[in-house]
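The structure is given below, and queries will be raised subsequently.
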Amino acid sequence: MTLADALRKDVLLQWRTRARFLAVLAFGAVTLLLFSFAAGPDTGALRRHAPGFLWLALLLSSTLALAESFQAEFEQRALEGLLLLPAPARSLFYGKALVNAAHLTLLGGALVPLAVVLYDLALPRPGALLGLLALGAAGLSAPGTLYAAMASQARARQMLLPLLLFPLVVPVLLSTVKATALLLTGDPMGQLRSWLLLLVCFDAVYWSLCGLLFGRVVEE
Amino acid sequence: MNAPSGVIAGGWEYVWAAYSVTAVILLGYAASLVARYRAERRRAAREGEGAPEVHR
Amino acid sequence: MNEAETVTVSRGPLPWVLGGLGLVLLAAGSWLGLFHAPGERHMGDVQRIMYVHVPTAWNGMLAFTFAFACALGVLWRGSWRWDCRLEASVEVGVVLAALLCIQGSLWARPTWGVWWDWDPRLTTTAVMLFLFIGILALRRFVDDPERRASWSAVATVIAYADVPLVYFSVRWWNSLHQVQSSPETVSSAFYLPLRLNAFGVLFLMSGLIALRARLAALRLRDELAPPPAAPGAP
């Protein structure tokens, strides 16, 4: 199975379970609302913290989305069948991780309009924001897919995925929140590039590392 | 005596707290580990295993 | 994993010797640090916390680095011995990291007036603490020993790779808001308590890891042992 086949399989899977996307989106939306309630109706404060709220909502939603992504394989025990094919575990990983990243990017993109409304934001560079969403989603997706594969086969799976993932993605959270804030309110000191560099570094490290190690996670 | 010297005065209670916490945590963990180890040894001896043991 | 390999459990005085030596050195170093070192120029007596804080920091990092090496051992050599050592060094590392955070808090309060000052090294330690607690949880919730070994090794490699990334991101995040200040290390006038404590914690930690690895080996041997024959079986 090549990467293309793995991709096609996972895209099909996602399409067939698209109702779940709406459910996860609803979860993210409610989270954004809860943050507003927690922080109070002061518009200035909400605007300042909006990037943090957006990315936290995305991170929390990702635990649901990622946990779901291996559901089909493990419910039907399809994974064993897949591994019997002369296919490297690597294609399996990258196929799923890419689709998860796209899924999370879409999720983030859908949450942005709600954030604009709730936190009274201006969007001077929507294209750049979408790019940032993609990079951040990639950072969450690579380790998230690997940990989702583990969690779906272990006990206490709902607790395990966030417990493993959340401390790991601190650099993603920091860089995406800072970069979003700079995109929204301007970047007088030219710091955006450095935060993006950090994010790209994280993505590069984990997309290679997780692909390399995935075989050890799904082997029998 | 009137001008502030720029030195943090006192703070001994924090020093004592830090040293005590260090002692309690390190010794406490060591004690719990020894207790767990001995319990496991006793259990293994009771069940009588024949696996080889290495002397170091 | 090497299926044919039996799990051997060491006997012998090594952990006790290391631990005892470590405790003696720690007692000596702490006594010197508390009662004989002069107060530091700006920080006064609070400086004395450094005599336990810095050794704990060095050794905590060492424990996690050793855990990383053990993880590589599991992934490359597939030996149970490395798995036992991995379990031991992660657990001891978690204890040291937790201790470090408490010590850091007790240092920050009299110095900066806050319980947590977002110092990059300390904050990175807090993140590492949670990273490695996650690995302990992972081990707890996986029943198959082989899977447990591979998975926690993978998780350890992933966690360890994160450490520099976390450090730089926190450092930069913090530098935008406050003047960077690292806890002053000990003035060069008085290295002795620091050295004694550093070796003290090192030996104690090594003894603890060795003993904990034995405990892991005992439990593993029990897990891997074939079930006893049922009474009346042919």
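We call the chains A, B and C, going by the order they appear; numbering starts again at 1 in every chain.
To be clear about the criterion, a contact is a pair of C-beta atoms (placed from the backbone, for glycine too) under 8 Å apart; a residue touches a chain by one contact, two chains touch by 3 or more.
For clarity, every value in this text was computed on a predicted model and none was experimentally measured.
Undergrad: Determine the shortest chain-contact distance, in steps, between subunit B and subunit C.
TA: The fewest touching-chain steps linking subunit B to subunit C number 1.
Undergrad: Measuring between Cα centroids, which chain is at the maximum distance from subunit B?
TA: Following the centroid criterion, the farthest chain would be A.
Undergrad: Mean of the CA atoms for each chain, then the mean for all of them together: which chain is nearest?
TA: Minimum centroid-to-centroid distance belongs to C.
Undergrad: What is the distance in Å between the mean C-alpha positions of subunit B and subunit C?
TA: Averaging C-alpha atoms per chain gives centres 12 Å apart.
Undergrad: What whole-number Å value describes the gap between the mean CA coordinates of subunit A and subunit B?
TA: Centres of subunit A and subunit B (C-alpha means) sit 40 Å apart.
Undergrad: Can you work out the whole-Å distance between the CA centroids of subunit A and subunit C?
TA: Between these chains, centre-to-centre, one finds 30 Å.
Undergrad: Within the complex, which stretch of subunit C touches subunit B?
TA: For this pair, the touching residues of subunit C are 6-12, 14, 19, 26, 30, 34, 39, 41-46, 48-49, 52-53, 56, 92, 95, 98-99, 102-103, 106-107, 109-111, 201, 204, 208, 211-212, 214-215, 218-219, 221-222, 225.
Undergrad: Which residues, counting only subunit C, touch subunit A once they are in their complex?
TA: These residues of subunit C touch subunit A: 75, 127-128, 130-131, 133-135, 137-138, 141-143, 147, 150-151, 153-155, 157-159, 161-162, 165-166, 168-170, 172-173, 176.
Undergrad: Can you list the residues on subunit A that touch subunit C in the complex?
TA: Against subunit C, the touching part of subunit A is residues 143, 146-147, 150, 153-156, 159-160, 163-164, 166-168, 170-171, 174-175, 178, 191, 194-195, 198, 201-202, 205-206, 209-210, 213, 216-217, 219.
Undergrad: How about subunit B: which of its residues touch subunit C in the complex?
TA: Residues 6-12, 14-15, 17-19, 21-22, 25-26, 29-30, 33-34, 36-37, 40-41, 44, 47, 49, 51-56.
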